[in-house]
Amino acid sequence: MTTRLRRVDLRGIVVPAVVVVGAEIAARVTHYHSSSLPWPSEVVTAAGAALIDGSMLRATGQTLLAAFGGLMIGASLGLVFGTVMGLFLIVERLAEVTIEALRPIPSVALIPIALLIFGLGYAMEISLIAKTSFWPVLLLTIAAVRGVKPRLLEVARLLRMGLAARIVKVVIPAALPGIFVGFRIAVGAALVVAVTVEIAANPLGLGYAMMRAQEALRPDLVFAYLFWIGIIGWLINGLLSVAQRRLFGGASRAAPP
Amino acid sequence: MTAPSAEPPLIAFRDIDVAIGGRPILTGINLEIYKGEFLCIVGPSGCGKTTLLRLAAGLLPPGSGTVSYEGKPVAGPQRDVAVVFQDYGDALLPWRTAAGNIALVYETMGTPRAERAERIAAVLARVGLAEHADKYPSQLSGGMQQRLQIARCLAQEPKLLLMDEPFGALDAITRQDLQDQVLKIVADSGTTVCFVTHDLEEAIYLGHRVVAMKPHPGRIAATYDVDLPYPRDQQTTPEQPAFMQLRRTLLEFIRGAET
Amino acid sequence: MMPRRALLLLASAIVAALIVALWQLVSNLHLVSPIFLPPPDRAWAALLFDIDRGGLGGRVLLTLQHMFFGWLLASFGGILIGSAIGISATARAYLAPTLEFFRPLPASALFPVLIAFFGLTENMVLAVIGFGALWPTLLATINGFATVKPRLYEVARLMRLSRRQFILTIALPNAMPEILAGMRLSLTIALILSVTGEILSGSPGLGHWIMLQARSFRTPDLFAGVLLFGLIGYASVQLVSLLEFWLLRWRGR
């Protein structure tokens, strides 16, 4: 099993390696410089420089801080509302129209409203990220809580647990694998919205750094940030998937789309 | 149904050896199936009966020896050799209706569009699915899905029909029903059949000849002629002495093979 | 059963109406500055006025065009490229990991890259949408090809299907559920990228328009625009879901 995975991994590296090396050779042979497509070596140099002078790490910190803040708010609210709606079917039914009306509004369309209320800065970005990460956690929490085995709830009743104890000791632990799937989706969405808001409006973080590099006609730096964002997204996703496997085992391998 | 003739065989296995991953699956297979014959292959699991069928279908090349069909070596699947698999659920196209699944055959054969509808209806009628032409496989019962797969094979107008434990996943009543349908279809069309099963009574009930195989590695242990007249009958055939005699022989053989 | 369901739906509509009424009340009592939260009746009036006199309809149409053509581009590209890669197990082994790396990348990060190529133009917006919304459909197609049941490969061999016939009659239909789910996701991405692209490029679509309303503190109009975005998002996803329901009716119970 492991050897097979190894081999697949290796073959997967061939194509990007050939492209990068080929582009570098072509650039060095032709000596062609374009304002939109950098040499691979220039991208590496730019990334190195931005890492050393701290600007890339600072931008990363800003984006991650905003994403984390929004995620915490959105996911907590999603967890609370999701648990209530999952436990009491009637609440979900009554909220149905409201949810269906609010959910399809794209987060980026709320940028102007967030700008009006909060101005530029962390607050507006965090509010939009919170809005985005709220929905997947809400929906998957509802589904997960509803999926808790009735037998477990009966046991809790027989033990004469109060509502709070029932929720904290039985419902949430039993629903946790499902909730975590929602959380993973929310994390991915949080990163996407953070970068998008920064590119579209907010002078913070990786998205803004990319836009500034573009305006300064530094395609090498633009690509350096592009790959950096890719690596960060990939790392976070990898960490979460390891955490998911560690915490909940093979039974909850269902990865978010 | 015509009795097997002494003409050259429709399909012939000569000194077949097959090994998969270094493990011998079949060894020293010599077998001939004649035109118009209904041949049943029985044996315990692991005796390579499915592998034998796949060789005949051209899905698997033999390690050594030759499989010849109509006197020529088999190099790959043939249009006039059809296979009925046991797992009908996986072998049908779930996104096509019953009629659509049959149409697949005519599309690949390049049958003129104008003829297709009529021929599809005729084939579905032969297996008793005429009223279900517009249903999707998910809307059909297991027995009906298997009938649909058989219908798709019939649409190929096969000279040789290979059946791999086709009724193994069905309940007893449905199974008997389908056995009789297959016998009737074969009697009407004169198709040659090679039928793999692990059910001894099924093999005797259906076949002209029963080939018994042994495992580790798979080989042919004995061949029995079934001395029972067609048409056969679910009520009376199993009560005949020849049936009971052969059943006892095969049962003893299987017990012997497993120990 | 059914009347109970309808009753609950009505009740939940009433809840939504009560929320709007509460919003109206809060605004009327000036509990929140109308600059941040305009009363719903004024937002509604602004919506009607802007459609009637302000040419809002044309802007919506332009945004829909961005979104729809970008999505179409992404879907066709995704299915074509996905089929080309998916049909060969070797191509899958070499390319799939690279493609998977790009999947979690925020599509909006393509803006700075493609602005350098196209400038702040309509084509840039279309290119970003086409490229950014490509991934879900592309990966779904590849995966759909990879999950064709071995038995169906055998059936195809027995029927001697050509490669083209195999793609059209077996591989693509087999991938269809995943492709459609990918296309649904891709449509949402296309809408997000349309808005972002319009904000960035100043293209006269709805995205740029709501930004202008915010800058001039015309909050009722801003809310009207956001409402329209909600409507677009809802309607487009519903349409694809309908398409999905119809195309996948074979899946049965």
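By letter and in written order, the chains are A, B and C; residue numbering begins at 1 in each of them.
In the analysis below, a residue touches a chain if its C-beta (ideal position, glycine included) is under 8 Å from a C-beta of that chain, and two chains touch if they have at least 3 such contacts.
Quick caveat: nothing in here was measured; it's all calculated off a predicted structure.
Engineer: Taking each chain's centre as the mean of its C-alpha atoms, give the chain farthest from subunit A.
Structural biologist: Farthest chain from subunit A, going by C-alpha centroids: B.
Engineer: Please work out which of A-C and B-C is bridged by more C-beta pairs in contact, and write that pair.
Structural biologist: Most contacts of the two pairs: A-C.
Engineer: Which chain is most central here if centres come from C-alpha coordinates alone?
Structural biologist: Of the chains present, the most centrally placed is C.
Engineer: Based only on mean CA positions, could you tell me how far subunit A sits from subunit B in angstrom?
Structural biologist: Chain centres of subunit A and subunit B, defined by C-alpha means, are spaced 54 Å apart.
Engineer: What is the distance in Å between the mean C-alpha positions of subunit A and subunit C?
Structural biologist: Taking the mean C-alpha position of each chain, the two centres sit 18 Å apart.
Engineer: Please report how many Å separate the Cα centroid of subunit B from that of subunit C, as a whole number.
Structural biologist: 50
Engineer: Under the touch definition given earlier, write down the residues of subunit C that touch subunit A in their complex.
Structural biologist: 8-9, 11-13, 15-16, 19, 35-36, 93-98, 101-102, 104-109, 111-113, 115-117, 136, 181, 185, 188, 191-192, 195-196, 199-200, 207, 210-211, 213-214, 217, 219, 222-223, 225-226, 229-234, 237
Engineer: Within the complex, which stretch of subunit B touches subunit C?
Structural biologist: 57, 59, 76-77, 79, 81-83, 85, 87, 90-91, 93-97, 104-105, 107-108, 136-139, 156
Engineer: Which stretch or stretches of subunit A touch subunit C in the complex?
Structural biologist: For this pair, the touching residues of subunit A are 8-9, 11-16, 35-37, 90, 93-98, 100-102, 104-113, 115-117, 188, 191-192, 195-196, 199-201, 207, 210-211, 213-214, 217, 219, 222-223, 225-226, 229-230, 233-234, 237, 257.
Engineer: Mind listing the subunit C positions that touch subunit B in their complex?
Structural biologist: Its residues touching subunit B are 149, 151-152, 154-155, 157-161, 165, 169-170, 173-174, 176, 248-253.
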